[in-house]
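To keep things simple, chains are lettered A, B, C and D as they appear, and every chain counts its residues starting from 1.
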Amino acid sequence: MLDDANPARRFGRPPGGWRLRAYAVIFESDTPAGRTFDLLLVGLILASVVVVMLDSMAAISQRWGLWFSVLEWGFTAVFTAEYLLRLACVQRPGRYARSTFGIIDLLAIAPTYLALLFPALHALIDVRVLRLLRIFRILKLTAYVAEYGALGRALWASRRKVLVFLSFVLLVVLVMGTLMYVVEGPANGFTSVPVSVYWAITTMTTVGFGDITPKTDIGRLIASVMMLLGWGTLAVPTGIVSAEFTAQRLEPDRGSRRCAACGSEGHAPGARYCCDCGARLPGSGLRGSRRP
Amino acid sequence: MLDDANPARRFGRPPGGWRLRAYAVIFESDTPAGRTFDLLLVGLILASVVVVMLDSMAAISQRWGLWFSVLEWGFTAVFTAEYLLRLACVQRPGRYARSTFGIIDLLAIAPTYLALLFPALHALIDVRVLRLLRIFRILKLTAYVAEYGALGRALWASRRKVLVFLSFVLLVVLVMGTLMYVVEGPANGFTSVPVSVYWAITTMTTVGFGDITPKTDIGRLIASVMMLLGWGTLAVPTGIVSAEFTAQRLEPDRGSRRCAACGSEGHAPGARYCCDCGARLPGSGLRGSRRP
Amino acid sequence: MLDDANPARRFGRPPGGWRLRAYAVIFESDTPAGRTFDLLLVGLILASVVVVMLDSMAAISQRWGLWFSVLEWGFTAVFTAEYLLRLACVQRPGRYARSTFGIIDLLAIAPTYLALLFPALHALIDVRVLRLLRIFRILKLTAYVAEYGALGRALWASRRKVLVFLSFVLLVVLVMGTLMYVVEGPANGFTSVPVSVYWAITTMTTVGFGDITPKTDIGRLIASVMMLLGWGTLAVPTGIVSAEFTAQRLEPDRGSRRCAACGSEGHAPGARYCCDCGARLPGSGLRGSRRP
Amino acid sequence: MLDDANPARRFGRPPGGWRLRAYAVIFESDTPAGRTFDLLLVGLILASVVVVMLDSMAAISQRWGLWFSVLEWGFTAVFTAEYLLRLACVQRPGRYARSTFGIIDLLAIAPTYLALLFPALHALIDVRVLRLLRIFRILKLTAYVAEYGALGRALWASRRKVLVFLSFVLLVVLVMGTLMYVVEGPANGFTSVPVSVYWAITTMTTVGFGDITPKTDIGRLIASVMMLLGWGTLAVPTGIVSAEFTAQRLEPDRGSRRCAACGSEGHAPGARYCCDCGARLPGSGLRGSRRP
């Protein structure tokens, strides 16, 4: 989803004419028209998702079904026009069509046409809800970028620890699920190893649906051990992410600047003078007019 | 709820007479009478909520219903008198009536009168339990203010991160819920997209009621992925809040030392020179003998 | 449970004779006999609890019931003898009998006698499981004391924050429970306000038994909000405790010692010389023979 | 599982010939052949586990059962050959056969042969899933070792705190489970003390299957308290692990500087003098110009 972070460089900004004006409105958000377009698009996407949700409720669908169809075709028409305009105004439309958001844009309109052409595919029409993913494009351009970045960096920094942990959890869940299949057996609802593994995941993650539960004494003993184990291991991903967030919060960019006079590091982000020897810090020259 | 933190400034302290005496008792808590009034009010609120709760239990209500009605009218009379007195003793009663606590005070007495006038509204009589919110007014005036403040500051400082995270969770839940609606369908309990989204929230938050559960193999596979995903993402808000609390706990006096030369704050605990202007910091004089 | 941490001071160490020998074995654990006695007692307590548990299982009880009765009377006889001996060997038996562990010791033997005298009280015989609490007395005397202490201190340091948080959760749970009672009503299982509050606690704590679940659309919407809210608030106690543990881990006794030469604080627990000026630190004189 | 971390030292590297070549491929992974062998083995293990899982599903097993049998015998043949080769190429095959991974290797092939010889043992054939544990051997030799090490060290450092906490949880769960057995009784599903303890673990860990739920008002009150308690105590293991991870993340090089005079380690980042002997620390020379 990060692959059209810079549409101008990837897809090519048109040189001028109506295409540049359309490009500025559709792909950029630093003009009033661009911001209005973004807001309008978010509104349309949310409205279209609400229609999809309401249309799936039998009681409401029976009564307002016709209106929903009309609205749906309206949304599809607008999104189709927008998709074609996007293709028309960039310099490299082929690259745009193959980008992540290009595919999402197509997925947002394709189901409606497909359901019309092949009625057998009507079950897939709710794929339209993927339109929601288009909101990410707009969110990226707003004030929340920095927050997304901080969250993303913390998760990215701990990805290997989380992967190692996840591989360990998957292994435990596979072994314990099979054990429960052997102990409880199909008679008590553990009909196969995959079903038992599903139950083990349900238990270890403390979700506990209760559609399958151990009935024998040994099964309940194993389940108890798994629950306590799951409780303990739940602490691990939380600990990993907490440590990463805490480090980011306490040391925003510790170590990035070094005092030329005394060599000390770890200065606060906004510091202009070394807090160990009082010398001017590098990179603070621009605003250093207070003490000549 | 923070908008009458200072009632004297907002609603006007009366100049004197019985209104000032009433104001001191009702709105202030630094006199013995004010404290007694607060404790009495908390007691009445709790007693009235207990009556509401007991009255809703069929077996108890049948037997003691009459007493509960009498008690309820007693509470309503007292709260009505208090509300009128509050209106009477402040300088700007209109502003008080429109404040958060003014509305809560009205909601605490209105249902009883409305249920008497319009028996059809009797179902709403349990809105009386909102009386509990009135306790917040009194709690604000006690020794726990500092703790509330620390909790509130930590949550406020992380509000943007939490909002970004929540928007991400809502998006995942909408997409996954729709996916499960397509995969499982109404036959397995996923009767509509909103119901499927409710199920997805149940699963991602590890609540797992079990009133709706996947029955097909693909549905169980998707549910397993969602549970592991929910487990992982559960770590994010915890990490955000933990980092904030840890930072507050470890650097409580970041910002307590103030540079005498340029007035900047937020110096690290071990800093000896102001990192904004390079002047010697106060409190570092004792060890400052190394560089005369 | 902390009130007989020092039995010698509280209950009086006998001056000599068989009472002192008995006291040393029963109340102290620094002699081989005392340690053997402690281990034996833990073994007996665990065995007696296992018997209580097995006796409650119908299939096993029918077959081995007689043996369990014999064993139970054996345990009761030993615990009674021990209780009388404890009373006999301390200087102030009355004070011992009224202490926390004195009452637990009595509760460990009383149910068996009461069930014999008043067969109607037989249902209460499983109160015997409280014998387990007696293990705490012995655990206090072992190597785990430091760990208990660290855990306890962290929880104690954050008790006010946790209380404030709990009061907030109780309020939310009461208001939301009542709201669900009004919305769903007795027809959907929300039979009274207390039952609805029980459901709200089930939901907010992410336990989600599923014995009571919302059936209406509005009820499911409110439940969804509550689940997300519960997910978020779950982060708060975790954050509080994490921050406390992290602070203890990073700053074991920061600030406890102060350098007399330069006034700096925050020295590591085992430091003998000031890490700012190299002078000898107070409290390190005993081992300070390396550099005269 | 750590006991053949160094197979060369434990089992003996053969001096030369085909045994050394086989040893290098099977036990080592720093040659292209060794890495290919490891990847092949992981692939075979995963494929064999997938076959076990699919074979347990009735619908699939009926149709493809024959193919699964053929595949299974193929896997068993390969694993048997590998096991015999491992025994043949090490210097001390007896010690290898008794090591953790030697036993796991045997458990991976034994069930298939046993099920052939004694059809009565067929139920145990799914023990084959323990083959998954063999993946750990290979994972240990990859780039994730460091992450495993960091996770392991953090958990090991907090093992005593976690044990103390677990003993406390077990005690609470035993006492509360017995209490619920007394309060609810067999009529409401709490058929014995062990079953009630299983329910208590279900509740405290927030799993909440819902196969057993309290029906009486007092039972629901106790359950509510247990849920809130479980919510609170859930914070403790998370806090312990978070603190450990945060400490590792924030002070990765605590201990990296070594005093040249007395050899002590673990100096604080900002220390300039050894806190054990008062000598100047290395790495502090650059800024040590203040006190000649």
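Note that a contact is a pair of C-beta atoms (placed from the backbone, for glycine too) under 8 Å apart; a residue touches a chain by one contact, two chains touch by 3 or more.
Since this is a predicted model, take the numbers as computed values, not measurements.
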item	value
Result of counting contacting C-beta pairs for A-C and A-D, higher pair	A-D
Same or different residue numbers at the subunit A/subunit B copy interface, by half rule	different
Gap in Å, rounded to a whole number, between the CA centres of subunit D and subunit A	30
Whole-Å gap between the CA centroids of subunit A and subunit C	42
Contacts with 2+ other chains: residues of subunit D	194, 197, 206-210, 234, 238, 240, 242, 244, 246, 250, 270, 290-291
Overall pattern in which the protein chains touch one another (line/ring/star/complete/other)	complete
Subunit D residues touching subunit C - in the complex, by the definition given at the top	160-161, 163-165, 167, 171, 174-175, 178, 181-182, 186, 191-194, 197, 203, 206-210, 213, 217, 220-221, 223-224, 227-228, 230-232, 234-236, 238-240, 242-244, 246-247, 250-251, 262, 266-268, 270-280, 291
Subunit A partner contacts - residues on subunit C that touch it in the complex	206-210, 238, 242, 246
Subunit C-facing residues of subunit B, complex	49, 52-53, 56-58, 123-124, 126-127, 129-130, 132-133, 135-136, 139, 144, 147-148, 150-151, 154-155, 162, 166, 169, 194-195, 197-198, 201-202, 205-211, 234, 237-238, 240-242, 244-246, 248-250, 269-270, 286-287, 289
